[in-house]
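Sending over a structure as structure tokens; questions will come in a sec.
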Amino acid sequence: MGIHQYFQSLSDLENIYRCPGKFKYQEHSVAEHSFKVTSIAQFFGHVEEQAGNKVDWRALYERALNHDYSELFIGDIKTPVKYATAELRAMLSEVEESMTQNFIEREIPAQFQEIYRHLLKEGKDETLEGRILAIADKVDLLYESFGEIQKGNPEPVFVEIYSEALATIYQYRDMASVKYFLAEILPDMLREKSIRTTDLPKLTTDIRENAIKKTN
Amino acid sequence: MGIHQYFQSLSDLENIYRCPGKFKYQEHSVAEHSFKVTSIAQFFGHVEEQAGNKVDWRALYERALNHDYSELFIGDIKTPVKYATAELRAMLSEVEESMTQNFIEREIPAQFQEIYRHLLKEGKDETLEGRILAIADKVDLLYESFGEIQKGNPEPVFVEIYSEALATIYQYRDMASVKYFLAEILPDMLREKSIRTTDLPKLTTDIRENAIKKTN
Amino acid sequence: MGIHQYFQSLSDLENIYRCPGKFKYQEHSVAEHSFKVTSIAQFFGHVEEQAGNKVDWRALYERALNHDYSELFIGDIKTPVKYATAELRAMLSEVEESMTQNFIEREIPAQFQEIYRHLLKEGKDETLEGRILAIADKVDLLYESFGEIQKGNPEPVFVEIYSEALATIYQYRDMASVKYFLAEILPDMLREKSIRTTDLPKLTTDIRENAIKKTN
Amino acid sequence: MGIHQYFQSLSDLENIYRCPGKFKYQEHSVAEHSFKVTSIAQFFGHVEEQAGNKVDWRALYERALNHDYSELFIGDIKTPVKYATAELRAMLSEVEESMTQNFIEREIPAQFQEIYRHLLKEGKDETLEGRILAIADKVDLLYESFGEIQKGNPEPVFVEIYSEALATIYQYRDMASVKYFLAEILPDMLREKSIRTTDLPKLTTDIRENAIKKTN
Amino acid sequence: MGIHQYFQSLSDLENIYRCPGKFKYQEHSVAEHSFKVTSIAQFFGHVEEQAGNKVDWRALYERALNHDYSELFIGDIKTPVKYATAELRAMLSEVEESMTQNFIEREIPAQFQEIYRHLLKEGKDETLEGRILAIADKVDLLYESFGEIQKGNPEPVFVEIYSEALATIYQYRDMASVKYFLAEILPDMLREKSIRTTDLPKLTTDIRENAIKKTN
Amino acid sequence: MGIHQYFQSLSDLENIYRCPGKFKYQEHSVAEHSFKVTSIAQFFGHVEEQAGNKVDWRALYERALNHDYSELFIGDIKTPVKYATAELRAMLSEVEESMTQNFIEREIPAQFQEIYRHLLKEGKDETLEGRILAIADKVDLLYESFGEIQKGNPEPVFVEIYSEALATIYQYRDMASVKYFLAEILPDMLREKSIRTTDLPKLTTDIRENAIKKTN
């Protein structure tokens, strides 16, 4: 028991790869994903601040940095959504939550347990920081699937992930950071030479129109 | 939908690695594990046959070959047993079972669904073939953990896995194949030069004595 | 000497990669190939059975599971066929056979030598099970080369392998399982989005016509 | 030019490995290191806060997260310190700084340049947050070298790195977080079974005594 | 100190990968690059000899084999030339040179120091052997970038590397070996099936015309 | 046909790994081995020259650089010598030789065929350069097996390789370069901290005594 165990567990997150069971040209560990999501959330925080919104920076960094720590317990298993019902996913989420609580009680010294209960709790909620985390997580997922599509990965799952991630981002399109993403970043992404001849530009337009239609 | 999907899914089992989230010197994919378990079960079948027992070879190969196919759906997540209660494990097992049924209905053509329901069902039961599978699965797990310990892997989880696997094998020690394993194979394993100075010989003796005590 | 050596040798088959010396996006070990060939043979066995043919299941599993074990001795070296004459290939085959016999005599205990002489002998012959193994082996090779072509591998060797594998499959086109493969599985394979714009559909047609012509 | 380039560059940090040119059992990318350093700094921040010190959390996260971003430009080349004089190291540092400034001017849109000049500047200084970053960076380096020593890496460079990292940590031993590290975490580390028979416990004592002597 | 250190350092060159920090389908170590450059230089030497030029073979092999040994000290960091000014590159070159001299003095026994000062000095100069090394180094770089482009790598840096390498080769187009390369080898390269539909044939023509224009 | 094929084949040597089918901590490609053998031969050439012997440098570099090119055709399959008789090894050697001749005729342009027949012929003979190649090849093999033993590889094959390589080196112990190796390099190797407690120092003494005995 002790912080030594916690420090070593950070290294175990380097051994868990995202989207297991599918061929990928480039692997991403959960540790790497966490770094990128935090960096993306940091950028979006600045966009929100320039748009006049108040950002609780400590909360933003805390949520982003720790949001996938509990993948340590059951790994990254959300991928084959095709075969998972909402009920199944709820069960898996409950399992993960229980294991995280077990871990804190067994490994974290008493004086820090309250802190880690706070740090490792679900960070996506209706606060500005919770919403920034939600979109930063999806933007990194979008980049991961984009990277595979761009390199020529024929697995249809990456087009599904791209679509699902982008559709979720559109749900937050009233946020200043999402507006910036849609206006400035996404077009640059789709202008990449290897993408112009794929279905991605058309698919992106469809997703946008679909998102707009749903809310009218 | 179709067998093309099934054939491609066999290749996805090459992308799922056993015991994820722990540093290992040598990775083993679920496809490789399945090959080795079937080869080990084949050997144990011959030992049982030489001991005068009747082996249903078709059933033995079927069970061994397909026993981990459903890891395709939630991956190999049974490792961190330390933090999982029996209830949690039961839930995960139920999730896996549901996903397998979903898969068969969606991907396997109607004329083969009954066959794959049979092939992909849990193969470990009280029949001779079910018991041979149970020990072949544990013997390969024992070899996997042994291989890491022998190469100097400091993660205590591999000693835990070795102990748990061996204790389970001892529960089947009335079987001819387990007798052969304990008398002929395990001693050779422990005689490996790199092992003689570790705790493994002593630990092995403790596990045996413990197993015997329990049943007296 | 002993079964411990044999069990450890199974793990060495995880360290031998197919088609060495060529760049590949995805590696396949001989252990993984053996798992897939056995799973494919299992499916084809069911097709034959549904077509009214009697399958000796034990023989089928035995042949498929063990068919490449002897690659342990000289590795997977059949690839650069371009520079190998029939005579050279016969010599290599003879070397492999001799090494397998040496292995059995030195490592397998006397009471099991006869069994392993049977299990490790060449499994491809004119029996139904021998023919199913021959096509299952080629189907997995076809999938391996298809996977590389689909991912964009520019090495012409993979088109050569695809062609050679498919031409061999066509030679068995009177079998129920090959009929199912050609009618149901191959078309799904060629309908994969990344394939429709390659030469593969045309090439496949040419190979079929060539195969039919030869026998008329 | 644009944030799309910046987001993609985060992924390049997954392709830069620490301590290049030396055999390692486990590789760590700069992205992974950044994640771990930020998580370690987060823990140390809480120790400082419990000790009654005021932590500027935003500054702490900012410094830790971004502290190695500029390795994008010349990679992780600080390792072979044995052959590098102070002057050479100063030159390399200057090169890195210039390249970072070039990058901001060319790739970051004008409205965010000031922010990224702030985020990517050297974060180690005499503030509490600067000192926490300095020790968190060394603690992760200590864990990296410890991991190699524990796995049996014979390269003497890892003992050198361990020593240098620990000696630096001792220089900050008046800090509450370092006190906690030395009293609670380091002893757990040295109690790891694979370490007790190495030179590390003795070496650690020597480094401590040397550190104390220097300041008296 | 001693040749044992030097022999072991050769193995460290297997752990330094070229063009770090960019996604690649195929990695090339500095050891592998050195082998290929020497083999390419050997071929070009024969072309020069057939053209009637006198080749100092010992000098040619010496220069090619050892030309990147000093990457041992600061790694392969020349890639992000985009952000490096001429002054910065000169500084890095100076750092490398100093470290090499330090290495020779500390590790190479006195009786061989003069020899290694000669072997490890910069090999590209105006002699025939120096010029052959310069083009062999660029030809291997051209093949490395060509390999990535051919496999579908979307990173624009590989087109930049291809262009820069080819433009440099054109500067030496009065040499018999470059003439052979441009007339016989480059056209075969561009005739590769996966290349004919890319920008490479047009780009290659542009680079040639540009090269010719510059010198008129 | 053409030199483009030959240049690309150099890259295939990066995809052939030495000693396939055995677990290794560190892989070495045939390209990397060729680089190291040439560098080692270069050093030994200088020792011979300092000892007053005349070295044909061109011949030495030619032989060392190209000595394993023909592994392109059947791979590195000499390892499992345990199961191979002298006759089998002679057959494999003959196969390799035939394939090399086939390659030269098909791929190398006529004007260079004579040169490549010379370059790719067996380089180990009774000339000084042939003997230097023989020992340089064994010294690199010794270092490869030493590296695995030093890292804790439990496979007995690496002790066998070490022993066989060293015994061969002793056969050449009248050469100045071998004398230097035995007096200056080997002792440094055995003084490595991780080696002092293994059987290697004792084994090395036995091999030496055995070698001396044989010739008396």
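In this document, chain identifiers A, B, C, D, E and F correspond to the written order of the chains, with residue numbering beginning at 1 in each.
Criterion: contacts are C-beta pairs under 8 Å (C-beta built on N, C-alpha and C of every residue); 3 or more make two chains touch, one makes a residue touch a chain.
Since we're looking at a predicted model, the values are computed, not measured.
Colleague: Once the Cα atoms of subunit A and subunit D are superposed, what angle does the rotation have, between 0 and 180 degrees and to the nearest 5?
Modeller: That pair's rotation angle lands at 180 degrees.
Colleague: Does A-C or D-E have the larger number of C-beta pairs in contact?
Modeller: D-E
Colleague: When the centre of a chain is set as the mean of its C-alpha atoms, what distance in Å lies between subunit B and subunit C?
Modeller: 26
Colleague: Between subunit A and subunit E, what is the gap in Å from one C-alpha centre to the other?
Modeller: Those two chain centres are 41 Å apart.
Colleague: Which integer distance in Å separates the CA centroid of subunit A from that of subunit B?
Modeller: Each chain's C-alpha centroid was found; their separation is 34 Å.
Colleague: Among all residues of subunit E, which ones touch two or more of the remaining chains?
Modeller: Residues 11, 13, 23, 25-26, 147, 152.
Colleague: Could you tell me which shape the graph of touching chains takes: line, ring, star, complete or other?
Modeller: Basically it's none of the tidy shapes, so other.
Colleague: Applying the document's contact rule, which stretches of subunit C touch subunit B when the two form their complex?
Modeller: 2-8, 10-11, 13-14, 26, 28-29, 31-32, 34-36, 38-40, 42-43, 46, 50, 57-58, 61-62, 65-66, 109, 111-112, 115, 119, 139, 143, 147, 180, 184-185, 188-189
Colleague: Considering only the defined contacts, which subunit F positions touch subunit B in the complex?
Modeller: Residues of subunit F touching subunit B: 23, 25, 152-154, 156.
Colleague: So in the complex, the part of subunit D that touches subunit B is made up of which residues?
Modeller: Interface residues on subunit D, with respect to subunit B: 25-26, 147, 150-152, 192-194.
Colleague: Using the touch definition up top, name the residues of subunit F that touch subunit C in the complex.
Modeller: 11-13, 15-17, 20-23, 72-75, 77, 80, 82-85, 88, 91-92, 94-95, 98-99, 102-103, 106
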